[in-house]
Structures are given as C-alpha cells and as structure tokens.
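Note that subunit A is present in both complexes that follow, paired respectively with subunit B and with subunit C.
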Partner chain A sequence: MMEPRFSRRGFLVGAGGATALGAGGVAFDGAHAPAAAQEGGLPDYAAWKDADALIIHSRNTMETKRGAVGSGGLTASDRLFIRNNLPSPDASITADPDAWEIAIEGVARPGTMTLGQLKRLGVTSEASVLQCSGNGRGFFTHGASGSQWLTGAAGCVIWTGVPVAAIVEAMGGPAEGATLMTSTGGETLPDGVDPASIMVERSVPIAAHAHAMIAFEMNGAPLPLTHGGPARVVIPGYYGVNNVKYVKRLAFGTQESGAKIQTSGYRVRPVGEGGAASQPSMWDMTVKSWVTHPLTDPGSGRVQIHGVAFAGPERASGVAVSLDGGQSWEQARFYGPDLGRFAWRSFVMEADLAPGVYAVASRATAEGGSVQPEDFPPNERGYGHNGWRAHAVELTVA
Partner chain B sequence: MPRPVAAMAAGLAVAAGVAMADDLAEGRRLFVEGTEPACAICHSLADAGAEGEIGPSLDELRPDAARVARAVRGGVGVMPAFQETLSEDQIAAIAAYVARAAGGG
Partner chain C sequence: MMEPRFSRRGFLVGAGGATALGAGGVAFDGAHAPAAAQEGGLPDYAAWKDADALIIHSRNTMETKRGAVGSGGLTASDRLFIRNNLPSPDASITADPDAWEIAIEGVARPGTMTLGQLKRLGVTSEASVLQCSGNGRGFFTHGASGSQWLTGAAGCVIWTGVPVAAIVEAMGGPAEGATLMTSTGGETLPDGVDPASIMVERSVPIAAHAHAMIAFEMNGAPLPLTHGGPARVVIPGYYGVNNVKYVKRLAFGTQESGAKIQTSGYRVRPVGEGGAASQPSMWDMTVKSWVTHPLTDPGSGRVQIHGVAFAGPERASGVAVSLDGGQSWEQARFYGPDLGRFAWRSFVMEADLAPGVYAVASRATAEGGSVQPEDFPPNERGYGHNGWRAHAVELTVA
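Up next, the complex of A and B:
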C-alpha cells in the first residue's frame, strides 16, 4: 500500500498507483489509512484470491485495485472485492450445497426447503454489479469510519440462481399486504450477544423480489464460501449489503428487520448524526462511472482511455469523458457485449495526448436521465459516493 | 507480550497523573464488560484478554483514539452505535484505552 502523499497541485496519490483528485482536501489521514493492511496477506477463507489484484484493508475487507477490474465487462472471481460484515461460517457448509436449508416465511404455505428442492422450481441468470455501500468512502474528507474504499468495492459478475418470484409462486404467493422481503444470513453469532445487535438481516421493498434470486453460482462456478456460498440472495441494482450471504431465511411481511444493520446501520444521514430508521436505507444504487485505464503515464500519442459505468437498477445509457477536470467533455462509446441493465458497461474514448498533466474524469448518464453528479455530499458513514470529480485521475504524460 | 493494563496504568500515572491511569482502567473495564454487547465479545485485544473474532482484531488494526471513538459512537457496518448507551466520557475512556493497548496512539 502506497503511503498517501500530495503533489504540489493538491492532488492525492491513492492506492494501487492510481492518482485520484481529492475534493479539494484530504481524503486520507493517518487514522484512516488501512493500518497494517497487507502484512497478514490473504486469510484462509480467501486464500484462492489474487492478492496482487487486491488492496487488503483487513481480514474481512479487500478491494480490487482500480486497474484490475478487467476491461471485458466482467470481473474475474479471484479479483472480486470482499466485504464480510461477520466472519464466514465454517467451510463445511459448502460441502453439499444442495443440502443447504432455507426457511421461506410470510408466504401462503411457509416451509423449509433445501437448495436442491428450490432448484426444481426455476433457474435464472443475470449479470449485475455488486457494490459495497461504502465504495468511494476514501474520497470523502470528513473522516467517516470504516474501510477507506476507493473504487474497488465493486465488480460485475454473472449470477445464476433460483428466481425468488418462482419460489414465492410455488409457495402460494406472499402474505397479504406484504411490503418487504427480509433475508437472514447464516453466520454463527457468539454467545452472550443479543442477535439483533450484530446479525446480518436486511429488508428491502417487496418489489425488489421480482428480479431477486437465490444464487448458487457465480461466473459459472459454484458460489464459493468467500462470496456467500452455498447460497446467497442477489438483488440486482441494490447495494451489496442487501445481497445476504449464506442465506438461511427469506421472509415476506410488513415489518422491517429489527437487526441493527437495518434499523440504524446503512442509513444515510448528515455528518455527526446517529443512524435511525427514519433515514434513507442503502437500497438501490445510483449512476456511477470511473476510469480504469490508464492510471500511470501511458506515454504521449494515441491512448485508449477506458472505464466502467452503471446505473444501479437502471441501464447506463452513456458516458462522457473529460481530460481537463470537467471543463470540456467528449462522449465515450460503450464496447463489448451488453449484459443487461444491471451490468456495468465498459467504455472507451480515444485520445491523442501530448506531454502534460491531465485530469481525467468520466460522467455517466442513466437511461432515465439521471446524471452522475460532480460532487456527492458528505454523510456520516461515508456511503454512496458517486461524485465524478473525486473519482477523476491525474495523469502526467511525459 | 501484551502489557498488563495495571503496569501500563502505573507507568502512565507517573507520566500523566493518576486521573489518566484511572481513565485507562475504566476504559479497560468498559471494554471487557461495560457495554452491551461487550467490545470483547467481538474484538480481539490481547491486553484485555479479548479473543473475539466477529469484528476486526484491534491488535492488528491499531486504531488511534479518534478512530475508536468514531466507531463506538456511530457504529461501523454491522457494529452497532453506542452513542445512546454510553456517555461521551465513557466513549473517550474506551477510545483512550484501546488506542493505548493496541499500540495505535
């Protein structure tokens, strides 16, 4: 991990060799740099990951280096970020995936089904962006607690699973008046703790269940424990925390989960305020993009500037790229396969660069018309940053 | 080897007065048993004899006091916020103790 430092222009040099433009201030301080980050290397549960492609913030938090998400539309599994709110259960739970049991509640005919039984009900596949709520927290300057993610707590992968809609239909439909779908994780909690204080349980609006699945494969391979195997909830377009790992219970009803992670955690509020159920929950994602290449001096001449763009539950419809910190913009073009509205698109803009210093920014637009903002207001927990200025890179061409 | 808090406190007492040593001892007490849930259930911190594996190991994280205080006050991820159940003095005591015991400041 590179030590943060500042150029005379006040730009911040961040992790992984990428140069990020701070929003006019300090994105890191000593208290927030991932302490002793890479000393321990990969923990056992993630030993198969590509350590060279990751910034290891802690045992349970690792992000993909900015230049390592790939240029082909999908993120390789061994490069995908990890954010575990609780330690993974024992690896033995993935020994026989089809025997994994999930309780389905709040439907006309509730019951517990094995993954093997659920697989008989339907199958679907979707490419979608998985992104931590705090991705980009490291670009805020107000010292929000938590991993100082830059761009890499996000990836685009292909999930395969059982459509939740098929499960609900097979069990007689949701309970009358149900407004929420609640997923409960299968982590083991320590003795002596009120489960609600630390358990991973998330409620989302029931409409989200139309696209949700109980995923059992990722990028064509059985879902590894590292990413929530044998089965996790995937809600395309929603922030990562809602995609509950090792899911053991799926319930429909009218009451939001009483778990702290729902009632006061993952709530957007002004800096200095505590979390409360009255504040917006981290549900659907917003329009966002960033440049992934080049991040270091490419040499003068013709350069392909590329990156990724997505819009949460919407389709990303376009991206503009600026070489002068937002004073002028040029339309980039998408390339590669369109993997659907929940996936990110790779974009490219060709440029002839003379020696000099460039502030390279990208600004995505969603199909519905929303545009990636220049700045994103600081909030207590450092969630949801999609401001293009902070995500820009400074490029010095010799 | 972790420094026992008593020895640490004694050393500090010479340097910074008895009041601060008392604060560290109170911080340790709060860490081990004074919050609900107790910090020690989820976090490892050798000085406190804590071996929790739910949250990050504080011996590895080595947070400074300001970072600990922010986390205790407002929560982090699945970690609950304690600002409504602990006083600012108690949060400060925990923060000072953890930073000192983990070697973060």
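Up next, the complex of A and C:
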C-alpha cells in the first residue's frame, strides 16, 4: 500500500459524511432556511420520509445522507432528496390522479387531456438519476449561494408514465419547426407577484422528448405529491429542474419560456456575473461518481468500498477507485441489476486496508469516452460540480 | 374483434380483483384467522405498510391487491406481501444489524460471524420474484386449506447482500460430499412445544447456493423486520419459504432438515394425501403471469393491458395475451428495465375494445421453452398454481 498523500485542498472527513461540509461550506442564502430553523423535523408534505436518512436543509430542500443511498442501484422513495422551487400544491390534487388535466399545445391537434386519457395512449418505464443542478455545491470554495448540497441531492428511481412521443403522435405531431418542449408546473402562485418571476416553467431541446414521459408512478407506487404527483415530466439524463412537477401544460414551439427560472436561473456563468439567456442552461447531466461506504473507520483488513456512478444521458461504462488521493487507480466492478443507460450503477472495489489514512476517490467514465474531471471550475451559482477530488473522502483506519 | 366465449369454469369478475375469490374460494383453515378478525387493520410489526394496497388475510398473511402491483417492474416495499410462518422476533433485533450473528456450519472452517463481518467478504444485488408457495391457492376449486391467496402473494424487489458463495469460500469450502444447504430462522419458539414441529428451517439443493445471498437490504433500504431483517437468506428463483428470515444458521451437509416445514410441509401431493419427504418439495418456481390492469370497465376505445410475467430460475422470454378466453392470442411487449433473469417483467398489449365482455388471459413463456399451462392440477395444499385460465379476468366494457 502506498503512503497516502493529499492535495492542498481539504478532503471530506469521515463522520458518516452526514454532517461534514466541503472546504467551501458557507452560510445559506436568504432563500433557504437552514435545517436548524426546522423545528420538529419533516414538514407535513414529506412526513412519510425517513428522517434518519436525510439532511434537512430547509422545508423544501432535503438531501440523502451520503451513507444512506443504499447499495442496490435504486434509491428508496423515502430516502430520495427533495428540492422544491415553490411550496407544493394542496395534497388534494393527488386524490384522483386520473382526473388531473394537462394542456398539450404546439401540436397539430392541441387540447387538454386528463391523465386517465393519456394513460390509454401508451406506457413506459425507465430508471433514471434525478439530480439537482446544485448537487455538490457544498464542495465549491467560492461561496456559491443556495443549498449547500453535498452528494445527496441525487437518487436513482424507476419512473413509469406515458411516453411524450406517444402523446405527440396521437395529437398529430409537433408544430412545424418546433425546436423546444416547454413544461409548466401546477404550483399555486401567490397574488400580487409577476408570475414570470417565480413560476416553474422549463424549456428543453425538442430532441429530449423522444425519451421523456409524463410520469405517474415512482418505484412501483403512485407518484406522491412530494415528488410531483399526480404527474410530472421526466426527462432521463436531464437535471432535476427540467423534470417539472404537477405538470399542467406541455407545449412545443420555438420560444424559450420567459419565466425567470429559464431566462436567468439555472445558467452557468463565471463567478460574479448575472444570469442571462445567452449562457448555457442546466440541461443534460455529466459523468459523475462518489464513494458511499465506508465513511468511518471500518477497522483494518478486507473491506468492500462501494459507491455510485452515472453519466447523464450516456451509460456509465466504468469507474476507477483511488485510495491515495488520485496517485494510483484501480478498476472497480459494477454489481447488481443494470437498470439502463440513464440509471446509476452501484460499484464495489475490494481492498485490504492496513492502519493508516486513506484519501478515497472514485472517477467514472462514460460510454462515449468522457471521464469525470479532477476539478470543476467554480461558477456563480455552484452548479454541476463533478470533480472527483472534492468528492473524495478521508478515511482513517486505526 | 371475435365474440368472446367462456369455458365452463368461472373467470374472476372485475371489481378491482381486490375482493374477488376464485371459483374455489373456501373457508380459511384454523391456522389462519380471516381478515375480518383483524380489528384495526395492520399489526404493529407491519404498521408502515400501505393498507390500501393490501388484502389482510390475517396478522401474518397479507397480499398485494391485483391492481396495486405497480407497472415499473418493481414492487414497492410498502406494497409487498407478508407471509410469516411464526410471529416475528422482537423489533430490537434490527437495532444494530451488523451485530446480528449467523453460525456457518458444514464448511472447512465453521464458525459464527456477525453480519458486519460477513459484509466485508463481498456484496451482490439481485432483483428477484418473492412468491409464496400457495400464491393462487384461491383459484383452486377443491378447497385446499391455507390462506386463499389470489395473485398477490408475490412481488419483485431488489435484494442486496453477501453472496453465500463468498462466505463459503472464505470458510474453506463446503464439507466434502455436501448436497444440501440448510437455513434456520431466528424466530423465538414457544416453550413446551417440540421445536421440530414449528421451527422454520429449510434445506435446498446445494447448487442453489451459487446465486444465494444473505440479504441485508431490500429496495435500497435496510431489510425491515417485517421481511426478515436484519438478515435473511435469498435464493433467487425459489419459492418464498426457502428464503429464511432472521437467519441465524447456514449449514452444508447431506441430511435434509428434520423440521416439519421440510419433512412434510411444502410437499406437493394428490388431494387427500398426507405430506412426506418422498414428495417434491416447493423449491424452484415455475413460469407464470397475470394481468393487472384493467380490472374494471375502462370504457371503450384504445386501452393498455398490463401485467407481470416471470419464470422462476429462468428468464421470462415472452408473454401472449388473449381477450377471448384463450381462443386467440397476441404477443404482448415487455417494457421497462430488465432487472435480470430472476425478476419479473412488466408487459403491455395495446387493444381497441368495443363494448362487450372480454375474458382477458395472459400466458408466459420461459427462455428454456416451457409455457404457462392452461390448467394446473389440484394438489392437497394448493401449491404452485400457474394455470392461465383460472388467473384470467372477465372485463365488461360498456
């Protein structure tokens, strides 16, 4: 075993990973009340969640603890992270899911369909990683505002829904020249506020509709309100924000949404700059992995080092693990069911650990050849961090 | 569309399938209190279950409603059936899963290991169908005693655990000439009763150990007490009873267990005969499928007919659907992630239904060529029913 060495950057210190912050752990911005402000734990709309498995950042932002992600390739529904841009609508909207109405616009024969009617058009299931654009923000060192997510604003679940392609086909195809698909959320907007300033409405390239669905089930149960039930858009391979909850409108056209969340929000730009439509939008995800076990001293001897790896719209093809902060790497092995190209894979590497200090890192590769980078450049809002060095854990074996 | 015709046997009548009984619905035997006796619904050890998705036969026997199985290929944990031969041990045994001890016997270096120690030896995940031997008993017409399960004493979940092969290898290999693997459950046995008369201990052919695991997770969360936590044996492709819960001993040898559950229980024999070790034991499962949607009038027009199909230790290779009680068949399509050979697949067939009465049946085929039979012969305890005719549903379209 090589003597472990460290970069000048701090590695995460063990302690279950649950409460650790990256080197850049900073105060929450005004929009997100810190966990300490949440008297009594889980809010009503998420009362069914497993609080022990979550870090509660605020009423609308909770992440899965690093060690609680499970090792079967699938995230249990009661452990999946929550990130709501606005408060959930009233729970009554899930009482009769099939009665939920969705307007389909920008097609040859536009109209409003109930979920029950849409279900008659087709069905599809797809496992995919759901990940917040800001997952890993807590590992940046420049003080990006927003929830200080570590690894847990991500999970992998099985969605079942109506293929958007089947809906579009049944309605005569998209309007000629359409380049975008725009989804509008069914949140109740407060009076006296310009809707465009807070509404959840996202546009994505129309090509994404080939794999998109109107999801009504998650992990074999009706989609709960907490995750966008009765129906949400799911675009496998795309960041969470594009998977619009309680979707009430799906439109095809050439104009990006004028909502702030589209025009200036979720835009990647240099630190200090404002958001603008000319900057890249948080659409498809990138190749990423992290170690989930062990996070505390396992004792010396043989151990199984676990983690998860995915590659957004591509299939993850492999992952290497380093015990010495990236000086040497060894190929890990995927195990468990392959849930498809948009899912993550569980990986494991067996290691015999002598007493010492280890900097345990993982580095995933995508089928197309892209490799998880060592570092990821800071950006104003702290989006898209997939640098393997900051995601490494320091492990002390006594 | 052909005019539907029916066999002289009764088909299930719609009504959600939830409360319907097969033609042979009979009284429960003394060992199983009927649901009506369960004041207050779910017992404490299963209080986290989704009662609306279950038919509660007794305190220890609950099945998933036919329409509640979900359509993503995976059964949600809170919808999975429960069948306990004995009351669960105290919940305290899951407080520190890694401290749970399992004796490994009939190997070169026998000994007792904690689950924490075993986890260091390896990890595997496998999706597999868990099905009670008596699933479908309610469709027999000869009055077999026991819970009158319809379709729902079955589910498909993802297990994560320690490969039994890795444990055996670490302990020097199985005893020479061993032909069987025997698992002993950790239930507390009442005083004053011959342990062999009620203990849960099952022997299976040693070849089964190649795919077996000591499971500690189910669907991405720690295995709950309700399903055998902290650790149970999982033998993909084998009937539920062999997947011994709260396993405390794993032994390799040449003698089948002397427990009644092995010697005379779970033996397939003609109606009226007693159980004996000379009769076939309920080991590996057979090819089977059933329709899960629609179960009530969907209204005329295009509908998606859904169901699940599996083939025990083999991969299900296809499924055909009939709308006329088996006079004509059309190939259905599998959809969703392929969770592996031991899992079930969700299938769908699109149909345009005019008003009328339909006898909707499904017939699965296994990779090795075996086909789900039309009928399955009655046997004393009503085990193993996979006949497609009795599993069909009658659908009236107004």
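Quick note on the criterion: the second predicted complex is superposed on the first by the 359 of 398 C-alpha atoms of A that agree within 3 Å, B and C clash if a C-alpha of one lies under 4 Å from a C-alpha of the other, contacts with A are read in each partner's own complex, and residues count from 1 in each chain.
One rule holds for everything that comes next: contacts are C-beta pairs under 8 Å (C-beta built on N, C-alpha and C of every residue); 3 or more make two chains touch, one makes a residue touch a chain.
Quick caveat, the model's predicted, so the values are computed rather than measured.
S.K.: With both structures lined up on subunit A, is it a clash or a fit for subunit B and subunit C?
M.R.: Taken together on subunit A, subunit C would fit alongside subunit B, as the superposition shows.
S.K.: In the overlaid three-chain picture, which partner chain does A:200 touch, first (subunit B) or second (subunit C), both, or neither?
M.R.: first
S.K.: Check the residue A:72 against both partner chains and state whether it touches subunit B (first), subunit C (second), both, or neither.
M.R.: Touch partner of A:72: subunit C, not subunit B.
S.K.: Decide which partner touches more residues of subunit A, taking subunit B and subunit C as the two options.
M.R.: Of subunit B and subunit C, more residues of subunit A lie in contact with C.
S.K.: Figure out whether A:302 sits in contact with subunit B (first) or subunit C (second), or with both, or with neither.
M.R.: After superposition on chain A, A:302 lies in contact with subunit C alone.
S.K.: Between subunit B (first) and subunit C (second), which, if any, makes contact with A:377: first, second, both or neither?
M.R.: Neither partner.
S.K.: Answer with first, second, both or neither: which of subunit B and subunit C does A:261 touch in the superposed model?
M.R.: Once the two structures are laid over each other on A, A:261 reaches subunit B alone.
S.K.: Just checking: does A:356 make contact with subunit B only, subunit C only, both, or neither of them? Give me first, second, both or neither.
M.R.: The answer is neither, since A:356 touches no partner chain.
S.K.: Is A:173 touching anything from subunit B or subunit C once the two structures are fitted on A? First, second, both or neither.
M.R.: So A:173 meets neither subunit B nor subunit C here.
S.K.: What's the minimum Cα gap, in whole angstrom, linking subunit B and subunit C in the superposed view?
M.R.: 29
S.K.: With the touch criterion stated at the top, can you tell me which subunit A residues are shared between the subunit B interface and the subunit C interface?
M.R.: none
S.K.: Sort out for me which residues of subunit B touch subunit A in the complex.
M.R.: It comes out as residues 36-38, 41-42, 52-54, 56-57, 60-64, 66-67, 70-71, 74-81, 83-84, 104.
S.K.: Looking at the complex, which residues from subunit A come into contact with subunit B?
M.R.: By the definition above, subunit A touches subunit B via 30-32, 35-36, 39-40, 58-60, 83, 85-87, 143-146, 189-190, 192-194, 197-200, 260-261, 264-265, 274-275, 380-381.
S.K.: In the complex, go through subunit C and note every residue touching subunit A.
M.R.: 50, 53, 69-79, 119-127, 158-160, 217-221, 298, 301-304, 306, 335-340, 343, 346, 348, 350
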